[in-house]
Each structure stands twice: as structure tokens, then as C-alpha cells.
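Shared between the two complexes below is subunit A, which pairs with subunit B and subunit C, respectively.
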Partner chain A sequence: MNITINEEDGKVRASVCGRVDTTNAEQFLQGVKPLMEIEKPDIEIDCGELEYTSSQGLRVFLMLQKAVSAKKGSMVLTRMRPQVKEVFDITGFSNIIRIV
Partner chain B sequence: MSWRKKSFSYRLSTDFVFITSILFLAALITTAFISYKLIADEATRSAKNKLDATVKEIEIEIQKVEDAVNGIAWLVEEHLDDPDYMYHITRKLVSESGTVFGSAVAFEPDSFEGMHYYSPYSFKDRSAGSEIRSIQLGNDDYDYFSMEWYRKAADSRQPCWSEPYVDEGGGGLEMSTYSRPVFDKEGKFKAVITADFYLGVASEIISRVQPYANSRTVLASASGKYIIDKDSPYFGLDILSSCKSIKDSRAIAAAEDMLGGQEGVASYKNNGNTSFLVYGPLKNGWSAAIVCDYKEVLRNAGRMQLLLLIEAVLGLILLFLLCNSISHRLTRPLLDFEKSARGIAEGDFNTSLPQIDSDDEIKHLRDSFEYMQNSLNTYIYELKETTASKERIESELAIASQIQMGIVPHSFPDLGRVSLSAMLKPAREVGGDFYDCFLHDKDTVYFTIGDVSGKGVPAALVMAICISAFRFLSNLDLSISQLLTKMNDSLCDSNEANMFVTLLIGKIDLRTGRMSYCNAGHNPPVLIGPDGKAGFLGVKPNIAIGLLKEFKYEEQEIDLAPGSRMLFYTDGVTEAETVSKAQYGEDRLLSWAGRIPSGYSAEAVCSSLYADVSTFTGDEPQNDDITIMTMKIE
Partner chain C sequence: MKHRFEPLEGRNAEIIESVMGCEEVAGLSEDIRFKIRLCVEEVEENILCYSGSTWVEVEVLRSENSVTVKFSDGGVEFDPLSKEDPDVNAPLEERQIGGLGIFLCKQMMDSVEYRFENHRNEFKMTKRLK
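Let's turn to the complex of A and B:
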């Protein structure tokens, strides 16, 4: 699992690679902490290289979404692979997190 | 005892003494070399001085002889025609000079009528109390014309000294004769006037000159013959052949120098000893030399070096003992530290440390030891705390696991038309899977299967909340969707940790086989029809509970035909992985479900699926709870 974050013109682009599971969910949480601390969040997360996420990974996405919503910002996940998208769909996360 | 086993102080002392002795030895060798050189130089210089003094002393004696002859020669010239007067002259010369032993005036052959030989000679007769006697020397037995003392002066027309000889006629003494030619008024050579010099005088002077015990002072004539006591084995020998027998070219060169009237210093090897030779000329063509072994000269210096060496050895022994004792005293605390370290190693962290009064490295070591003791105490204390807390957590985890396993039912009531089976295989850590199933009234069965996000005690707690809420709310005669909505609301109210639960709840009317169900983000169950065909049951996605309060969950209904089977599961089944991270997946699940023989009981289906998943994952340890619940409608 690997996270990279770039900021340009107030818009934050992040990308998540690999797998998020029990062993590294905490590391993933620490990795996205900077995103939660943005004043006016305008975040785009590239999930093209995200291979798998467990329920702990979903929980991190949920916490991130809540933090963004609390600041009236926006967050969108892009290029999600079908098998990952399916997990978001089944659990209903697609209803709370914008995925394009 | 090997070297390594020797004590530190012993090794320190020996190293110290070893280095010191090397330095001392180097100093000793250097000073020996320099002092030997200085002493040798001084010895040759002093020998040279002695030699010069000796030469002067002998020259004075020689001068006396020459002066006596030269002083009376005019008388001979005046009375060349008066043969008898010559006796008077010689007697006068001998009597007036203490140094001159004898004197002759030897005339050329046939200088007087009827006398081929004429040579009046006066000498001190030692047998007659040094009374002066006179004789006429020349006759056929003593043909003085061929004698060296006569020949040399006659031929060269110059005064000269003869080679040393033993005087046969005048008392058997070793002599050298000074001869001076005498000329008449026309300058014609007429006679030779001589004076005999007793060489014992020179020998006596030389014998007094002995700067070193084995040194020798020698005097040599112009041709190199030793001027020495006639009883000496060297008498009659010459210095060049002596030097040649030494077989060192430097000695021969020195001898040749002496014969050439040079002065100088030479050193050479003789029988393994190095000797030096100081030589210089006398004004009458003779030469003198002092020869000495360096060994003799350096004897005292050698003694001093030996004394120094003995002092050094004694000093080094003393140094070793002192050093050993001092380092012993200095390192004694180390032995105490060794005891302390052993005490600490055996677990006594409060073991006493040696008292150090000095403020040096040993004191620093003691401070470090003290620091180590304190650190160890703190560390062990913290370790105990951590271990205790870890044990507490582990026991709590065990309790959580017991809660999880104790809260789900392990046997099911007789439900008539519906037979039911379920299993929960927790992963190594406590997971958050759960299932439940109970008879609400005689015709209604409630069931649920779910998965709490996360693992451990938090997941176990949330799971316990869910089952409690489900059991409580099922008593309120709510619709399935209302029940789920209320569960969601109550979970959202107290969800600071952002936990969420995917679950599916439902109820079956045992009379009609009608099933109402509501899915909250959980995996869709598999329905196997009476014909054996398997497919996912259509579910509205809704969303997992705990995420959005007041979310309106929608329920669905289906009539279950006799012979159909339902298969509920958690993502522990579909996301079971092999070593290479391949997942079991929904396709494999459906394909397996399609192959289930219709005769399998609910329990057999349950264990068969678990076996299939286990076969798929192989040796890879299970990383999530696996929960399976099956129903069979008769």
C-alpha cells in the first residue's frame, strides 16, 4: 500500500496503490491524515492502482469523507477498479462517497 | 598459565618494562658507541702527546752526542798531522760527555807512514769502574774501512748515525754510532770522528713510556731496526717485517710511513683485536711509535657500561615491581566491578557498587554502572508494566473471543419445515462476524448475519450491541425494514469510532415459506433452487449500518419453494485468499453452489463450503472470520 499526495492551485490530488487490509489499515489512516486537515478540502483520489480494500479500508474512506463534509468540502474517488467498486456498492458506500 | 590468563596489571607491567628496556637498551648502545668513539679518540690524542714528549727526550740525548762530536771536530782538523794527539782528543770527548760511551778518530787507509789502519779509540771500561781506556782499533781482524759507521760517513761526506749494533770490543753493549767526516784544509776527506751512543739510554726512556697496561713504545732506526735492549727477542728485527706479519695492509702502510719519516695514526686488526699505532720521526732519521689495543683502552668504558647495564636491570626489576603494584592497586576496583556486574547479571540490580574516591576513569565507570543500574531498574519496571498490561489485553481479547463465541447460538430449535445450520470460524484475532437465528413465535423465524468493520475488542463490542439490539427490536413487531432502520439509528448515535456493520436480517413465515429480508451493505446470499440452479438473491444495496442516521432501508420479499436452499455468508468466504493473494470470489462460490447435491442437509452444505474454501486457500492462514449460515426448505 502506498499513498502519494500532490497539491496544486488549492486542488489536492492523491493516489492510493496496492492493497488495504487488516495489516496496513492503520498505516493507510495515517497516510490520509494530512487530507483530513486541509482547510477547504477539494480532493481527488485516484484509485486506479487500488487492488483491494477490506472493511477497515472502507472505514478510513468513511472517516475521510466525514472530515471533508464537516468542512463543507468535496472529495471524489476516480478510476476505481470494478472489483473494488463492487465492495463500495455492496456496502452502500457508493451512496455516501462520490465515485466517478 | 597462558599469556591471556595473566592479570591485567601483570601484562601492563611486562609491556611497560619491555618498552622501557628497549628504550634503555637503545640509549645504552648509543652512549656506548659515542663514548667508545670519544675515548678512542682521546686515547690516540694522549698517546700522540706522550710520543711527542718521548721523541723530544730522546732527541736531547742524541743532540748531546752530536754536539760533543761537532764541538771537537775542529781540533781533529787542526792536528791531522799529529796521530798521537788523536788519543788525547778521543779521551777528552769521552771524558767530557756523559752520554758518549766511546769515541774514535778513524783515518783513511795509509794516512801515516807504515800504518794501513789508524784509528785511536777511547771508551769507558765498565769492567774497570768506567775508567777511560784507549786503544788502536784498526787491524786486519777489524777492517773498519768496510764498517757501516765508517763507510756511510766516508761515502756521503755527511754526518750520519749507524744502525744499532752490539759492540764486541767495548763491553758487549748495544750501540749506535754518530760519525762525522773530517776534511783537511784543501777539503780532502781525511778521517771520520765518531761517538758511540749507548742505546740503553733510549731504551730506558722508552720503557718509562707506557700510557696503557699492554701498550708498547718502540723506537726504530732509519732502516726500521728496533732500537731496543739487546736481550729482547726483538733486537735486530725490523719494524716493517713485524708489521707484515700482522697481515693488515693498514699496519704495513703505517710502517712504510715511519720509514719515510712521516708521522700519523693508524688502526688495524691484530689477532682479532683492533689496535692503534701512533708514530712520528726523530730528527736523526729514527722514528718512534706507541702501539696499543683498543680493548685495553676501552676496558674502563666497558666496565662502566656493564655497571650501567646491571643498574638498568635492577632498575627495570624495581620498575616492574612498582608498576605491578601500582596497576594492581588501580585495577582492584575492576575486580569489585566484576563482582557487581555478576550480581547484576544474576538479577540483583541493586547490588552495591565499589566506593571510588578518585575522580578519574574508574569513577566514570562507577557512574556509568550506577546509570546502568538505574536504567535497568526503570526498564525492568516498565517491562513488567508492559507485560502485565499486555497480559491484561490478551486476557481481555480472550474474553472478547469468548463473548463472540458465546453470543452466537450453537444449536437451533426444531423449526419444522426449515432446517438450519451455521458456523463461525474466527480468525486468529477476534473478528467481528456474527449470526443469529431464533423462533419468534411458532410460525416465525428471525435470522441475521453480519460483519463488523475492524477486529478485536471494539468489533466484539459492536457485534454484541448489534445482536442485543436485533433480539430486543424483534420483540416489537416491527417490519424488517423498520427494525433495521432503528438498529442503524441506535448505532449511529453512539459511533464515535466510525465503526460500521454490514448485515442482512430477515424473517421467514414457516407456514408459507415467505421470507422478508433487508440488506445493509452485506454480501448477497445465494439461493439454490429446487432444480439445483444457484444464483445470488437480488438485494437492494442500501448502506451498512452505523454510517448515516435516519437512512430509510428498503426490505424485499421472496417465496421460498420447497426444496430450495439459502446460503448466507460473510466476506471471509469470498475474500479468502491463497498465498498469491488470489481471492475465492463470488464466481467460484456460485459455481460451487451449483454442484451441491440436492440430498445434502443444511449442516452438510455448511461444512462442505468451508471445506471447499479451506482447500482453496491451502496453507495460508485465515485472515478474516469465516461465517456461513445455510437453510433448507422442506
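Let's turn to the complex of A and C:
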């Protein structure tokens, strides 16, 4: 798992690649911490290279969405692979996290 | 494939890779392999959290039309299927992460079964192959 974050004109673009699972969910959480600390979050996360997430990864996405919503910011996940999308769909996470 | 993992702590990645690498699973479609990986991780994590067992036995069985993964552990009796399903329609503020793993497993597999027998938790999940 690897996460990169870039900021340009107030808009934050991040990308996550590889697998997020029980072995590295904590590392993923630390990786997205800077996104949780943005004052006015306007975040786009490219999930095109995200191969896999278990419920441990969902937990981190949920914490991130809660932090962004608490600041009335916006977050969108893009290019999600169908199998990963299915995990978000089954758990109803697609209803609370914007995926395009 | 049948293998006993003892001790259990910290073996999650090893358990997942041994299932994913075994001949019963190696040749399956990417979609089925994704689901098996996820469900093995979730069940394994559940055993680690709740059963208190120091070991787990993992067995993979393959027939022409299905693949089955069985987990057996010597911990305290715990039926993961007895837990209420999480509310997948709850608004963001009320979302909890607990229970999602086994719920995913129930949704992604074609059958899941639990029984407590001979002082062992036995969990079995089966996926039909297209």
C-alpha cells in the first residue's frame, strides 16, 4: 500500500495504490492523517490503483469522511475498480462517501 | 490444502497467502480470488479478536462447482453469525465499523455456516464457481 498527496490551488489530490488490509490499515490511517487536518477540505482521491480493501480499510475511509464532513468539506473517490466498488456498495459506504 | 497455524497472533498475512497460493484457489478467476481473500481476512481477524484461541486450522476444499474454506479454532464458543447485521443505510454520523467484516463475508459467499463441536469453533464458507 502506498499513498501520495499533492496540493494545487487549494485542491488536494491524493492517490492510493496496492492493498489495504489488516496488516497495513494503521499505516494507511497515518498516511491519510494530513487529509484530516486540512482546514477547508476539497479532496479527490484516485483509487484506480487500489487493488483491494477489507473492512479495515473501510474503517479508515469512514474516519476520513467523518473528518471532512465535520469541516463541511468535500471528498470524492475516483476511478475505483469494480471489485473494490462492490465492497463499498455492499456495506452501503457508497451512500455516505462520494464515488465517481 | 490443510494447515494448522500456531501461534495465531501476527499470522494473518501468512494465512491469507497460504490460501491464495494453494492449488485449490490459485487458478480461480480474479473476482472469486478477491472475494476469497477478503473473506479469509475477515474471518481470521474475527477469530483473532473474539475466540482467544492460540491456533487455527485452515482447510480449503475444491469441487468442480465450488470452493470451500473451513476454519477451526480451540477458543471460547463464539458464533459470528449470531451478531446482528450492521445498518448499511445508516447516515454517516451513526456509522460503526464493527460487524462489517462478517457481513461482507455473508454477502460475498454463497453459504456460511458456524457450529461449535468438540470444543472447537467451526466456520465454513463456500463460493460457487461460475
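Brief remarks follow.
Criterion: the second predicted complex is superposed on the first by the 100 of 100 C-alpha atoms of A that agree within 3 Å, B and C clash if a C-alpha of one lies under 4 Å from a C-alpha of the other, contacts with A are read in each partner's own complex, and residues count from 1 in each chain.
Here is the rule we go by: contacts are C-beta pairs under 8 Å (C-beta built on N, C-alpha and C of every residue); 3 or more make two chains touch, one makes a residue touch a chain.
Remember, predicted model here, so these are calculated numbers, not experimental data.
After superposition onto subunit A, the partners subunit B and subunit C occupy overlapping space and clash. In the superposition on chain A, contact of A:S69 is made with subunit C only, not with subunit B. Of the two partner chains, both subunit B and subunit C are touched by A:S55.
Shared contact residues of subunit A, touching subunit B in one structure and subunit C in the other: 21-22, 52, 54-56, 58-59, 62, 66, 90-92, 95-96.
If you check the complex, the residues on subunit A that touch subunit B are 19, 21-22, 52, 54-56, 58-59, 62-63, 66, 89-96.
Touching subunit C in their complex are the following residues of subunit A: 21-23, 52, 54-56, 58-59, 62, 65-66, 69, 83, 87, 90-92, 95-96. For subunit B in complex with subunit A, the residues that touch the partner chain are 429, 451, 453-455, 498-500, 502, 520-524, 541-544, 547-548, 571, 575, 581, 583, 623-624. Against subunit A, in their complex, subunit C makes its touches with residues 12-13, 16, 30-31, 34, 37-38, 41-42, 45, 86-93, 95, 97, 100-101, 103-104, 107-108.
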